Amino acid sequence: MSHLAQNLINGTLLGGLYALIAIGYTMVYGILRLINFAHGDILMWGVYFALYMVIALSMPWWLGFIVGIVLAGLLGFSVEKVAYRPLRNAPRISALITAIGISFFLESLAVVVFGGIPKSFNIYPKFFNKIVIFNHLRIQMLTFFILGVTFVLLFGVLWLLYRTKTGTAMRAIATDIPTTSLMGANVDNIISLTFIIGSMLAATSGIMWAMRYPQVQPYMGFVPGLKAFIAAVIGGIGSVPGAVVGGFILGMTEILVVGFFPNLAGYRDVFAYVILIVLLMFRPTGIFTVYSEQKV
Amino acid sequence: MGTKRISFKTNFILTTVFVIGVGFLLLAASHSVGDYWVRIITLMAIYSIMAISYTLVNGVTGIFSLGHAGFIAVGAYTAALLTLPIQQKTMSFFIAPLIWPLNSIQMGFFPATIIAGLVAAFAAFLVGYPSLRVTGDYFAIATLAFAEIIRIVIQNSYSITNGSLGLKGIPPYTNIWWAWGWLLVTIIVIGSLKFSSYGRALRAMSEDTVAAGAMGINVFKHQLMSFVVSGFFAGIGGALYAHWLTTIDPRPTSLGIMLTFFVLIMIVIGGLGSISGAVLGAIFFAFAAQWLRIVESPMNFFGITIPGIPGMSMLIFATVFILIMLFWRRGIMGKDELSWQYIYDHFAKKAGDQD
Amino acid sequence: MIKINNKKDERKDVLRLENLTIKFGGLTAVDSFNGYLKEGELIGLIGPNGAGKTTIFNMITGIYAPTYGTVTFNGIDITGMKPYVITHLGIARTFQNIRLFSDMTVLENVLVAEHSWLQNYKARKILHKHEPEKFPRPHWKPWFWSAVLKTPDYLKMERHMKDYAYELLKAVDLDKFAHLKASALPYGPQRKLEIARALATRPYLLLLDEPAAGMNPQETQELAEFVQDVRKKFSVTILLIEHDMKFVMKICERIYVLDYGKIIAHGVPEEIQNNKRVIEAYLGDESYV
Amino acid sequence: MKKALLLISIALLMVSVMFGAESVKIGVAFPMTGGIAAFGQMTLNGVKVAQSLYPTVLGKKIELIVADNRSDKTEAANVVSRLIDYNHVVAIIGEIASSHSLAGGSIAEKKHVPMLSPASTNPLVTQGKHYVFRACFIDPFQGHVAAVFAHNYLKAKTAVVFTDVVQDYSVGLANFFIKDFTAMGGKVYREFYQSGDQDFSAQLTDALGKHPDVIYVPGYYPEIALMARQARQLGYTGPFLAGDGAEAPELVKIGGDAVNGVYYTSHFNADAPFTKIGKEFVAKYKEMYKESPSALAALGFDAYLLLRNAIQRANSTNPEKIAEALRNTKHFEGATGYITIDKYGNTIKSAVVNVVKNGKFTYVTTINP
């Protein structure tokens, strides 16, 4: 029983991290219909930014984190501006290929700038490593922190989307760019804002990821990025609540599969991919249907 | 507008002369440039086969697959398991013995390559049949997922593929003639396909699937067909690659997503949808990967040593890749082919400009 | 009150639409559309923007599956069939916003439509069941391999396809642009090429979606003659959507008027011109001038 | 102007020819960029220390030509070919990762140029090859050493073995450990993970339910460090046992206090070198790089010396003769111990066990073959 409970806690933790990354994916996809392959790499850069703020500029850890997150937002903003905006009217495949190129570029640049050797991320207070024992369950303080941040940010994003004018404009663009621009909303600004928010969420997740698994390396963003995309598809791409639910489902599945069938650990990623493929075949719109794609 | 059309006969003669010329060049090269460059020249042909088969799907047919490395891996493993000497098999498989009948088979390179192609084509069918029901970026992600599944299964099947230990001692059959010979076959078959009625249907689909469907083209069937043909030649490329390298393993960096990215770089440089572009892109990639060693190793300019920057070559490739996508999306060839007609038109235009 | 010309028509039905209905989410885009086309007719389908005309085309050609109702073509129920099968059976169409294969040459555009000659096996099987005498059992050929290996059979077929394509291009007066990219053509010839491409599938029924859109009066005039010409020369039945009332009134034998997904009028041009509901529906619409 | 250029180039050519005649070219094929660049860098440091101590052989200067394989298998084969064919080296120190050595080894074998790998421990690397050697012991031996240590020193009865399914190295060590440990009467449970994994909580929760006396993780340091942290958080206080893949300063940096009590089998400990030349090496290394040498550096050092020794004994720079001499290496004194190369190209030498104590790699014991 405690085995299950422990696994459930671990799964929630992993799921929360996936969910935060997936929100950025799903928002960008909802608006631009673009799989932003570079999303995971922006996450990685955010973590490096935070690390260097603390180590090189000797900022306090919390300030370093915030500056890192802001810088990641700026990076997302520039990536959109430099690489995606010129291709907005190009075929979608071109945008997708460019996104792959950007991902490849950000990774290569990180190798050149930061070196390919993993760096340790021990720049946060020891307090987070403390363990609370609760009825045979061992829960790290970090768990509460990560879950707390995840839920605060999640509700923040939902509030922004459904309760503010900007959010309404974002949702409007997601359905129809030309009409929205006719209605007087500045499409470019709103798309930029989407990228900034998505990148900052990813960086936040990345930093918490690095707190839990304290090492940083240039390829750290790829797998979480891909998994978060799968989470977004599970939830119904374009839907923010869907992305969160998808993230938790995926995180939970991965942990439970390995926890109860240790022999299948080698196939762990296969489960995520199989879920993805089955879902794409039979319910491509995911759990929360947002858009139907038919347009002739 | 007086562009002359070059007749079939002229075309045929010129092409034959060109192929024989390239043959002589290769013959000369294999005797003069040394083993290292011969290896690179062989690699160029292997990359070209991978790139052509990839461009058939991603460029000509216009469906964006990210699963190419999966089929290359299937081809590489199939061929390697068929040509590996039995004694080598018993030595390599020390975690779990190889299953029957693979443990008692050893065959020649040519049949093994063909079987590798067929098995890879079958894998492409199995992947394509479900994946092609979704379109666009969903298809890209589905194929990426399938390729990863293939890789992970290879990684975990110790009694068939030797798992993460990989295979070694594969006979080094791939030489300059096998590689360039297969490249010629690939160019002829895929070129012939591209310029047949089927190729027109594929190109039409790449522009507008709805209109193509309305013109009576079974879009799904044609996409699947293109995918399977591509899988066949990817398998051939994999078989050649395995016998060139003599050892293969299922790491993400050797037969995983990295390889798909590399081939993608080649066809983006060459122009999505062009066979000759794919060849040029592959040759450029194989050459530049060696040539860019200059920027990575310390340089000595009159006594001043400039330290090399590790990782620079990949950064340069990535930068070139993005610049092409942003400013020169047609790449070297666009969707055109480097035909005699193309060259003639080009020069005719140049001459016209000077008048 | 819908007035219909009740004169008995002996010609056979090419197309019959019964209770055709489609819903997108909560919205009913087309509501119980009933209609028919007799062999050799030239029929117009008109209505204000968003009335659901193109949606009907999309249901006939299999791009959308109707929520209710059936589409019967030459006595075969084609509801829910795949677009390519429907094309093989003999329905061809053009698109509202021209959808040529713009990167391919004019000739290749036509040749693409002829590609189905190689492999309309499935459609022939369906026809075979219905009219065995007209469609003898097809001989299956491995055209794919023939095409790759360039067998004499295939080369003969290819020559045949090219000849017919030139013939079609000559008929629409585009043969001199055969090797030009389709995107390089001016607007009017692009419309014509789209019709030629549709004809290359050898249809019984041709669906034209706003063929006169964006043309000046003189071009429209030419087009009207051209459409009538095509009907005669290729002996096809034509159903067309058009905004230009003059154009429709001039060439169509019967007209269906659609508003908010429902038929509001059906009859010969004179009847439609004087129909109160049609005038009402068109009042606010600037395109009716 | 043209004449001047011509003269300069002729002069340069002559200098290079003269220089060429004076030197013995040895190729170094290491990963200097990419995923395992750190290993390449560490090993190269050791090679350079050896070169600065012993720069000549047979009265000629030894010239090292370093070629980067970019941590990529295709390039691993290409650089060996390049070194042999383009740079005309007489022998190669090279390829760190076993998969790279397999790719490069087949080229060296074909060209009859000896290749000496400092750190490829996979038994397949030298198998059936006459021109491929190594300076390190092989996976089966390391697994055996770990089993002996767990049984005799840690007195363990139950072990949980974590296998990194992606790494042939890990699979090899785990299998030989399990074989030997069960033969000694121990009980083994297995768990699996893969390189790049960051969350081991599921496996650890399962593993700790078995109440192991030791957890054997023959993987690489990033995962070992993360695993140790998560295990400590789940309440595990017992020892970890690992292979030489654990040895990197990052283990402590990432793992923090959690990695205290991680034992690992290794080739070398800088605090307790037990040969004279080992002491000399540590001193010189500290002088050159201001830090303690890693085991990889020691292996790079030994690879250079083994090759130099073989050239001396062969009294020739003929690759065939060097290979022959290498194969006859007997009781050679290197930094990592006394090395004998058997007829298969593998080394027979002792292993050390180190432990992380207060964030320092501390020598525990030596286990002889």
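Residue numbering begins at 1 within each chain, and the chains themselves are lettered A, B, C and D in the order written.
Going forward, contacts are C-beta pairs under 8 Å (C-beta built on N, C-alpha and C of every residue); 3 or more make two chains touch, one makes a residue touch a chain.
All figures in this text were calculated on a predicted structure; none of them were measured in a lab.
Between chain B and chain C, the least number of touch steps comes to 1. Comparing chain C-alpha centroids with the centroid of the full set of protein C-alpha atoms picks out B as the closest. Taking the mean Cα position of each chain as its centre, D sits at the greatest distance from chain C. Centre-to-centre separation between chain C and chain D, using Cα means, comes to 73 Å.
Chain B and chain D, compared by their mean Cα positions, are separated by 35 Å. The geometric centre of chain A is 33 Å away from that of chain B, both derived from CA atoms. A straight line joining the Cα centres of chain A and chain C is 47 Å long. Residue positions of chain C with contacts to 2 or more other chains are 63. Residues of chain A in contact with two or more other chains: 111, 115-116, 266, 296. Taken residue by residue, chain B touches two or more other chains at 155-156, 210, 310-311, 314, whereas all remaining positions touch fewer.
Contact residues on chain D toward chain A in their complex (touch as defined above): 33-35, 37-38, 71, 165, 190-194, 196, 198-199, 201-203, 205-206, 209, 222, 225-226, 229, 233-235, 250, 253-254, 256.
On the side of chain A, the complex with chain D involves touching residues 3, 6-7, 10, 14, 111, 115-122, 129, 131, 138, 140, 209, 212-215, 219, 223, 254-260, 262-263, 265-266, 268. On the side of chain B, the complex with chain C involves touching residues 189, 192-193, 196-198, 200-201, 203-204, 207-208, 210-219, 225, 335. Only residues 32-35, 37, 66-68, 70-75, 77-78, 81-82, 84-86, 99, 102-103, 106, 110-111, 122-124, 127-128, 165-168, 171-172, 175 of chain D touch chain B when the two sit together in their complex.
Only residues 61, 63, 82-84, 87-88, 92-93, 95, 99-104, 108-109, 111-116, 118-120, 143-144, 147-150, 154, 157-158, 161, 197-198, 200-201 of chain C touch chain B when the two sit together in their complex.
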